[in-house]
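Next, two complexes with chain A in common: one pairs it with chain B, the other with chain C.
Here is the complex of A and B:
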């Protein structure tokens, strides 16, 4: 029993799931149990979007201090426009649209890495510069774009299996693959090794630059995928569709128990943290709180959680 | 980052790359002015500078605010919405109840100081904490001013409308801002401790200085300059909205980096940062419109300038 308890407290991400359940219970108590199913489905769907980009951000942050991708919101915005434009509302082009969005995201991720490597600048500055550029491309490319997603793609976000949206199950599958990749593959172990000590990893024969390149590319690709999915879910693209994912992607990683100092990642925690943050918003909505109160509460909760969890070193 | 500190004495032996790097922000600014003068000679005039550089004042102040935080190796992602919040206070409470408005502003600076203390005491990543705070300030701004509007106090509009003979007021203002930042960071013991914390906080602590106080000082200074930025902004715009300063977070970071500031190690330059801020203001507002490039590309131009300048810096040599 004590062993079980120790095991329980040794896994900080369990707290994020408990927080999510608690917030969900409070909302249900407030509504008297009405709308539980709808609330759960909405929470799962919105959490899935945060998890997709959170995964990419988690691998990047795990590379060690200073590694973070600030270009995700711009990337997501551009990808949503690219996906909608390529699909052009036609079911036949769905796959091409998704692939184009992912390819665009991958290109942005690789360009991020190229800037970091070629200019020898901190990733924060590289991805920040990149986000300026991508944002402008998106504004010029996607302005006034009113293309609706193809009917089949829009319907896809409503498909259910045993009451759970199919795309949520897909994201869960991606998470499982990522968890296995992190724990059991050369790639995952290399990322963590670099995060713990880049020089030691290099001396041990880890292909440091190749792994970093792959990680930034992966993060960009997941951002692109998220852009396409969001455009389907919200029935259209927009320049600021990805704005909230700057904080969300970093917050789910940190609250989910991944070390901001790098070298220690946690995949299940992403889901707990994402559900917690989304359910918090839903709870405040059911209370009838207006936008300003929701913003203040979300900010304070994130600060409170990180303060309680404590950090070890700077994300710089 | 300890290697940088260790090789620092070498800078005096190989002067030329170091000098080139220090001159880079000012060379970029000069090139920018040359390009503008070539495209539109009439812009290089008393009136032209007054118009082109008006917005450089709040941007330069926001850049100095960010500079203080970057000096101690932190990053402030809440700066933009903090400026928004203060701007909203300035166009509402400050005009009607100056005492209450002033109290709110002082209280906000105290919150900034507290954030610095929290980051230090719990050893938290500043990015996450200030990202959280950006939501808080945005929420506060919406509470104070749900709809765009309000009216800046007369004295503030008057202050920003000052016209002095021969030299355009914004030029005097930004030079003064750079000078004040330079004196605080380079000519006072506090500045030396701040830069020391950025370079090697353990050494500073062992020398008997309080790193906690240093970090509180840095965030307080950031709060004060953020307030000044917001006040000068509404002095120009006369009205405000909850998103008025949203773009300033990234613009200010870009200004610091453009101005030759290193991201870690406490190596910063206040005059350089101000030059960087002015360059970015000129690029996004004036150069593009003279080149007849649509405003869609404003933000992108800033990113491109950042990349180009950093590329030149890398070419000169990363470690002088």
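Here is the complex of A and C:
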């Protein structure tokens, strides 16, 4: 029994879920239990977007110290514009629009890798420079305009199955595939091996550069997909639509129990962390807290959760 | 003896006399210093500037009206940009500042070099600069409450959606809203969230807080967030309140659609027009012309109501915001009004 309990608390992702549940309970206590269902659906929907980019960021961060993709916000903004412009409000072009957004994201990811590999620029600088380039392209291409999604694509974000939005279920399915890929496939094991020790992985026969290239490409692709989804959910593309996901993509990875130093990743934790962060915002909005109180509380609570999770991990 | 030549000369002389203001600034160069171009408002602002500026050059009112936008949204870059503009020999610099005080050093340098500085939208605190001011507390914040009271005679629950926390614009509008709503005891603000003038952020915030709220009868906001708020109500399956709008094309089209579907939907829309850059342009021109211009020139905001709705939808590009470009005459009148 104690062994079981120890194993339970040793799961690095458990803390983010506990944080999410706690924050949810506090909000409900405040409203007297009103709006529980609505709040849960809202939280799931908003968390799903952070999970999609968090997945890509998680694989990149797991590649080891210094690996991070800072071009995601610009990538998402451009993808939202590309998707909406190609769809042009027509249902027949939905699939083409999504594919174009993903392809654009993939191209950005591969370009990131090219900067890192061919020009030997550190990932932080390479992806940050890339984000400036991509944002400029977006401003020139989208001209800051909000283009609306076609009706069927917009309606799709409202579809529910057993009360849960269908796109949320799709994102859950993607995370399950990613979890399996991480734990059970050569690719996933290679990412973690590179993250633990790149040279050792290379000596052991891991195709290091191919895996890194694939990982940056994957992260870019997920960013592109997220851009298309966001434009549908928020009924329009915009340059700023991805801004929040610079910090959010990294925060869900770290709070979710993935090691910032690389080599250890955690997929379920992404959901826990994303729900936790979204519910925290909902709670503070429900309280009607002042903006300054809101930011301080957000910071303190994130520190508390990371300390709780990190402290446990050291005990192991 | 009236030869055709003297007649022509007389006509020419009369034409020149009729427009004395134009001769004085025809050699002057005006620059626009801008720090951001990533949203529809700023895009419209730049387009309006270019249109009015090019027309003014064609009419020989000024020699140049160039717009400069920094690569990143950072105040130090804009300060460096202003320093460059000083070296390039512009006679006036019109600034939409990224920061109220971080540009003060550069603005002071410009003033000391004898350059006229006019700030609009994003103002600077440096006293040597002229300012185009908008009384947001009164013309936008308080006015929204009065417009809401007209539409909710029995009062009701209000959700207030604020802008970016810590900005002077948000503070000003909020001051006006809170001051005015005290006069209507039957209207109650039941919740306040920050929508950051952005439909995505507003939709997120409202989606999150809505399940815990009682029936909402009206939304007071700061513009740019009306459409996202409407979407949040729709996807939560809640009855639609009276939502104040902010002149964005999507908001105006949405309004029109509500009128079509429901027979009527009574609300009110207002915003600072992106064309306020052209207002600042003419203020700069008037100063260069040697006119006596007060340090602060107040400007009104652009209202859209049901009568002007169709015309504004037609004139506003997709994804843009309703706009009005100001003429030299508008500014001359505004300056005269201050002096009274």
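The rule we apply is simple: the second predicted complex is superposed on the first by the 292 of 316 C-alpha atoms of A that agree within 3 Å, B and C clash if a C-alpha of one lies under 4 Å from a C-alpha of the other, contacts with A are read in each partner's own complex, and residues count from 1 in each chain.
Rule of thumb we're sticking to: a contact is a pair of C-beta atoms (placed from the backbone, for glycine too) under 8 Å apart; a residue touches a chain by one contact, two chains touch by 3 or more.
This is a predicted model, so every value here is computed, not measured.
**Q** So, does A:92 touch the first partner chain B, the second partner chain C, both, or neither?
**A** A:92 sits against neither chain B nor chain C.
**Q** Examine A:302 and indicate which partner it touches, taking first as chain B and second as chain C; both and neither are also allowed.
**A** In the superposition, A:302 contacts chain B only.
**Q** Examine A:173 and indicate which partner it touches, taking first as chain B and second as chain C; both and neither are also allowed.
**A** Once the two structures are laid over each other on A, A:173 reaches no partner at all.
**Q** Between chain B (first) and chain C (second), which, if any, makes contact with A:186: first, second, both or neither?
**A** So A:186 meets neither chain B nor chain C here.
**Q** With the two structures laid over each other on chain A, which partner does A:120 touch: chain B (first), chain C (second), both, or neither?
**A** first
**Q** Going by the contact rule set out at the top, does A:291 touch chain B (first), chain C (second), both, or neither?
**A** A:291: touches chain B and chain C.
**Q** So, does A:282 touch the first partner chain B, the second partner chain C, both, or neither?
**A** It touches chain C, and chain B stays clear.
**Q** Is A:135 in contact with chain B, with chain C, with both, or with neither (first, second, both, neither)?
**A** Both chain B and chain C are touched by A:135.
**Q** Please identify the positions on chain A that touch both chain B and chain C, taking each partner from its own complex.
**A** 132, 135-136, 139, 143, 291-292, 294
**Q** Which part of chain A faces chain B closely enough to touch in the complex?
**A** Contact set of chain A toward chain B: 66, 68, 115, 118-122, 124-125, 128-133, 135-137, 139-140, 143, 246-247, 250-251, 254, 260, 291-300, 302-303, 306-307, 310-316.
**Q** For chain C, which residues count as touching chain A in their complex?
**A** Against chain A, chain C makes touches at 37-43, 71-72, 162, 165-166, 191-194, 198-201, 203-205, 207-213, 227-228, 231, 235-236, 248, 250, 317-320.
**Q** Mind pulling up the chain A residues that touch chain C in the complex?
**A** 27, 30-31, 34-39, 42-43, 45-46, 132, 135-136, 138-139, 143-148, 157-158, 230, 234-236, 238-241, 244, 278, 281-282, 285-286, 288, 291-292, 294
**Q** Would you tell me which residues of chain B are touching chain A in their complex?
**A** Counting only chain B, the residues touching chain A are 73-75, 118, 122-129, 131-136, 138-143, 146, 250, 253-254, 257, 263-264, 294, 296-304, 306-307, 310-311, 313-314, 318.
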